[in-house]
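Presented sequentially are two complexes of chain A, the first with chain B as partner and the second with chain C.
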Partner chain A sequence: MASGGGRSSSFKVVLLGEGCVGKTSVVLRYCENKFNDKHITTLQASFLTKKLNITGKRVNLAIWDTAGQERFHALGPIYYRDSNGAILVYDVTDEDSFLKVKNWVKELRKMLGNDICLCIVGNKIDLDKERHVAEEEAESRWEPGHYHTSAKLNKGIEELFLDLCKRMMETAQADERLLKGSGAGQSVPSRRGVQIVDDEPQAAAAGGLLFIWLTHTRTRTHTRIHTIIMPFPLN
Partner chain B sequence: MSQKPERRGIHVDQSELLCKKGCGYYGNAAWQGLCSKCWREEYQRAKERQIQEDWAFAEKLQREEEVAYASSQGPSSQPGPQPQAQATPPHAALTPFSKFEEKKTNEKMRKVTTVKKFFSPSTRIAPKKGLVEREDRTLRAWRGIFSPSWEMGSPTEALVARLREGHEGKTSSPSISRQASLETDRVSKDFMEFLKTMQRPGREIHKQCRAFIESMANKKQDLGADELSECVQDFYQNLSDRLMSHFKGSSESVERVMDQVEKYIMTRLYKSVFCPETTDDEKKDLATQHRIRALHWVTIEMLCVSMDEEIPEVSDNVVKAITDVIEMDSKRVPRDKLACITQCSKHIFSAIKITKKEPASADDFLPALIYIVLKANPPRLQSNIQYITRFCNPSRLMTGEDGYYFTNLCCAVAFIEKLDAQSLNLDTDEFERYMSGQASPRRPTDDGGWPLEAGPSPQGGAAAAASSVAVNPALAQLHHSLEQLSGLSERQDRLMEGARGLQEELVSWEEGVRREVQHILERYPLEVRPPPASAIDTENAETDRLPPPLTPQVFAG
Partner chain C sequence: DVSPKATSPSNSPHHRELLEGAEEPPPFVPPEVFQRLQTAESQDTSRKALTPIEEASRVNQRLKAKYEARLARLAPGQACQKTSLSLSLQRQMMENLIIAQARQDALQRKMEERRLRLQEEANRRFAASGTTTAEEREQRVIYANILEYEQDHDWPKQWKANLKKSPDDPTLVSGLVSYLLSCPDHPVMTLLRKHQYRVYNHLYPIISKGRLGSPQLHQGRPQTGFPSTFSIAYRNRAEPVSCGLLSRCSVLTYGSLPVVPDQLLSLCLLSFECLNTANSKDLCVASIEEAFFAPLWSPLLVLFRKVYKDREQAFECSMKRYRDASPEVVGVPLKLFPQDASGQQCSYPYQSAVQELKLLCNDCCPQRKLECIVRTLRNICVCAEDYRCHQEVDSPPKSAAISGADDLLPILSYVALRCDCPQLVSECAALEEFIHEGYLIGEEGYCLTSMQSALAYVESLHTGGALLCTAKLT
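Up next is the complex of A and B:
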């Protein structure tokens, strides 16, 4: 959770995207500045942290890699709850991975609303010749927060993370202001943000299952209850 | 003290007024002759024992039920155990009532002993006070067995415990119950030591914690697990806020204090808030356990785990990871439990790194963790997860590394719960067959033949070894060694053959040489020709021209 307090804030960022799009490479490039290196010292590349200093404010980034295989897709909500940012990576040479990112965006917006800052990243631009995802199409969909990177050539990665940090800080500040403005009491946990998402009724009608997750988030001053409804088609 | 006549009315001796535990304070008959402190300890202990016993009983019931279920499921279903299992639950249903009854008899007994005390002659003024006291203790112990006291279920257990109590009482240790909660004591002491270094804030923290624990003890009966969690979390929040604002602590030091506070509080509250009766955690635990047991056939290949267990270091790490995840259940403090998960994850990472020669990404890690959980089948998994979620310091759980691994564990459990044919890349039919136990991916016919026995067809042996790798690392090792051995023996055979060949070759060469010699000998037989009998100088033509030999001349003389 973003812990304000002025001195330093920490943010949780999840990495989402299909397997083999280069999620791990992007993070390793950013945190270790290495690519496909035989001398990488870290034992693992699934949880990495980075300390930043943005306009005099200390920021701790915790980057959570997620398993991208299709069979783990349903576990997404466990990973991305309470995260401040999400980086959605696709491979510019692979149209399917782009479609998956589109679905992720839809899902995240539905579940977390505007509490989460999204970054869509088209990776592997060094393979531009084999490009299958048209730049225009990708660009037109999401104006802010779309990036093209190459972990191999170290292109666009620094910018991506810096931008994300700034946006997350803004969101956190806006949140704080909102809390102060409403004058919510410290002692009474106000339960705001109860979202009940009406999710594609046809899925349910077609003999599917609805999984309802009731998660609750605790921040410094209030408790938030998220209701997450997931369609789970049965076949 | 002098001997006094027995018929002096009601007389209560000084020694009888003292606490029976020998702690030096006055006792009270209403507390079975103990002082208030010892009585409370005693009572607490008894209650804990009761809870433990209930647990054991519940587990026993569960086991019986399982056995009954298994035998009824089996091919030769026996009708016997089923009704037995059905008959046992009423016992469980009875316990609340029996508890109530115990309480009643306890009350009654207390009254009786009080009355008895007043009328019993005081005979305990013998000069050998210690000895008599000991006897008295034993006597009381025996008496205790025959009255249904508030502690024990079975008389034998009561006997043993009472005797032990009497025995230990002899050494005049002030309280036995302290030994039972050794860990709590140690943690409390550590906590005090820690707080001593902080002076004023330390005192404040101590006061707050004490008050909190007391308030929790008062209200825990009528609260659900979520409310309890809410209370504890609010306490963490308030205390850390307070430390931040009143004592101007830096966030690092506050975090350090909060870690200690968490350790202290949760060690004290563990018994009452871990897997509470108000939730169905226990049921979920059993369900998960059954589920994992039913999935015993899942192999490392089905999960696409990038760990090669044939490498000894990897299998070493796998074993360590399994041990760690099982060990989690034995820890009391949420943070310690998290540490176990982290340790387990680190071992998995090492295993992956050794196999793949590159740092593990989440794509590798999650399947490996699922595999480890399936192999370990950790006890009370759901309860532990719930406990950590409810009572861990939230900052740790949300962003820290520990939190990441914990989240992955939650994912692994969620995956195992929902696992189906598709997620293992199997046909639905195949999956069903494996689940129902009709088939096993290990194919026992291949498994039966040892590589050595399958000497003439080494492929068969290799296949068997490969299929059983997933079953057991030790077995894999065994297969590996056997394979090596068979390889060695094959080499030896080849060597022997070579040697034999060489020998044959040598023999045939010798033969050949001999034959050749014979042949040559035959072709060129040895002829001994007589030498030509002639004068040495027959061919000498020059001899004619030689002057005639000198003849002797005779001179007249």
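Up next is the complex of A and C:
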């Protein structure tokens, strides 16, 4: 099919975290620049998309919200499989929500290894006076992968998503190199792959290709280059 | 009620029977009958021109009839005339056949030359792709067949010319696609049928065994040489309980199934380059998918229902126990459903979403089923908005009623519980398997995933969550 021209890639990002930590607000702020608005997509903030351009490359993000209640905890794998990234949100004024995030990190690493780029997000920094998750913040504030945001004041959110996109792109490129190196690039199936709603169909075709390569690396070879190492303390 | 498109093969009466007999495993027809049914309507419409030999034998038959008529008119004494008549008939018939044979040979040579020429043309077109795989070789052959078909038929040229004049006309695009799907001789359609038969042939022994079809039927089936796919491999990880049966009995059957519409799409694009735009491709693949899956969905679903029997039973248990429970039981916040039914048009909350979801089992095309799930979720959002408006009449709402998956998933679980249809479990599992990969990352994929989560949650209700642990990745 069509090749060359601009490339674009699609990434799936899951949103994890307890209820009330403001995970939906973070994404709403980013995708629609709204903190709280009733006029959002038909699925009402459960599924949002964002198109962006990073160093000349088009990136489409599909952001999947998950239910944070304990009763749905076991359903996580259904949502996060095949994700390129995960945003784990806690409330800086709620220590329990932070512990929950730490457990998610462990689970995701166990299930998906380094296939997935993780972002740990301490939200509600506008409520700084009531902060309860302080000590962890001190040791991880400047490390990649840990962010502090305020959806209300629109702080730290652009950086969070930009950084996540860059890391996901790096991982995807590493995958592609790996595939090319192993000579598997010869028999790319003619799957349409990710359907990218784009004004340029050619770019869409190229984007689809990229995604296919990703999925095939994951399932066939089981070897992935570990480009991003999560420096977040696990215990 | 189901109303399949006029062009789709689901029109056959056989198929309608299958839909109605949802409870018992429907009696599936043997593969030969299945094949006949798929081609039944097309056979009589396309009568090909006679070959020279056929033509000659027709002429000869007429000659013979004339000879017999004249013989009957002869007086009894004219025996020698009878001999001469018979000799001249034989000579004439022989001559006709010899001439016809020569014409046929010449024609065949010509066709052979043309075929070679077209094959070269096809090879030239693919030359840039470097090394060839078996798939690529097959594609070349089919492309050559398409070129040949286009020399024999005028309609492709006409459609191409029309589309060139107005390339963005969606009605023209859908017209072309449905016309193409109605031409049984077109190589794309021949290939589609071939795949359908292959799948049905493999399904038939499994599904025709009815309830007796136990796992051991399929165990030990050699797997070597079969295309193993990503989805099967994934299923193995995700659901260790049921995957054994699925991967053993049906790797061949549906292992390569989801790629069939794509293969057909790329062939369509080869023959109609004008379809190579994002919108036209979507339309094209949706139509192909519908034509391909419509007669296969029922047998495939029987297979899936065998595999997911336990999960369906668990779903049914929860359904029986919690059918009339309040939405609160599954975690729906009080603000998201009316506490008193007075002033409501429905007998229970989210009734319209439940009714929408019930329609899912009626369709035979994965794409349409997926749309049904999306409509169900959207309907939930609309209902939630309505309920909230009723509760907060005075203050205008400043945020959406549903704040995200935290609210959506409990309501969806409630809707699934109310739907009274354990078959949904298998339907959704099959959908995930066969749905076009492109949809899985988008809104449709999100809705399907949410639906599956809700179903899994409902299944776990009656055991208090024990089942969910087995569904987790290992």
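Throughout what follows, the second predicted complex is superposed on the first by the 163 of 235 C-alpha atoms of A that agree within 3 Å, B and C clash if a C-alpha of one lies under 4 Å from a C-alpha of the other, contacts with A are read in each partner's own complex, and residues count from 1 in each chain.
Assume a contact is a pair of C-beta atoms (placed from the backbone, for glycine too) under 8 Å apart; a residue touches a chain by one contact, two chains touch by 3 or more.
In this text the structure is predicted, and so the values were computed from the model without any measurement.
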| item | value |
| --- | --- |
| Chain B versus chain C as contact partner of A:Lys129, first or second or both or neither | neither |
| Contact breadth on chain A, by residue count: chain C or chain B | C |
| Which superposed partner A:Met111 touches (first chain B, second chain C, both, neither) | second |
| Partner chain in contact with A:Lys23 - chain B first, chain C second, else both or neither | both |
| Touched partner set for A:Ser8, first chain B, second chain C, both or neither | first |
| Partner chain(s) touched by A:Arg71 [first = chain B, second = chain C, both, neither] | both |
| Shared chain A contacts, counted only where both chain B and chain C touch the same residue | 1, 10, 12, 15, 19, 23-24, 38, 40, 42-47, 49, 62, 64-69, 71-72, 74-75, 78-79, 82, 186, 220 |
| Of all residues in chain C, those that touch chain A in their complex | 130-131, 133, 135, 230, 233-234, 238, 259, 262-263, 265-266, 269, 276-278, 281-282, 285, 331, 377-378, 381, 384, 397-406, 408-410, 436-443, 446-447, 449-450, 452-453, 456-457, 460, 465, 468-469, 471-473 |
| Interface residues, chain B side, partner chain A - complex | 233, 237, 241, 244, 251, 304, 346, 349-350, 352-353, 357-363, 365-367, 394-395, 398-401, 404-405, 407, 410-411, 414-415, 418, 422-423 |
| In the complex with chain B, residue positions of chain A that touch it | 1, 3, 5, 7-8, 10-12, 15, 19, 23-24, 28, 38, 40, 42-47, 49, 60, 62, 64-69, 71-72, 74-75, 78-79, 82, 186, 218, 220 |
| Residue numbers on chain A that touch chain C, as the complex places them | 1-2, 10, 12, 15, 19, 23-24, 36-40, 42-47, 49, 62, 64-69, 71-72, 74-75, 77-79, 81-82, 111, 186-187, 189-195, 197-198, 201, 204, 208, 211-212, 215-216, 219-220 |
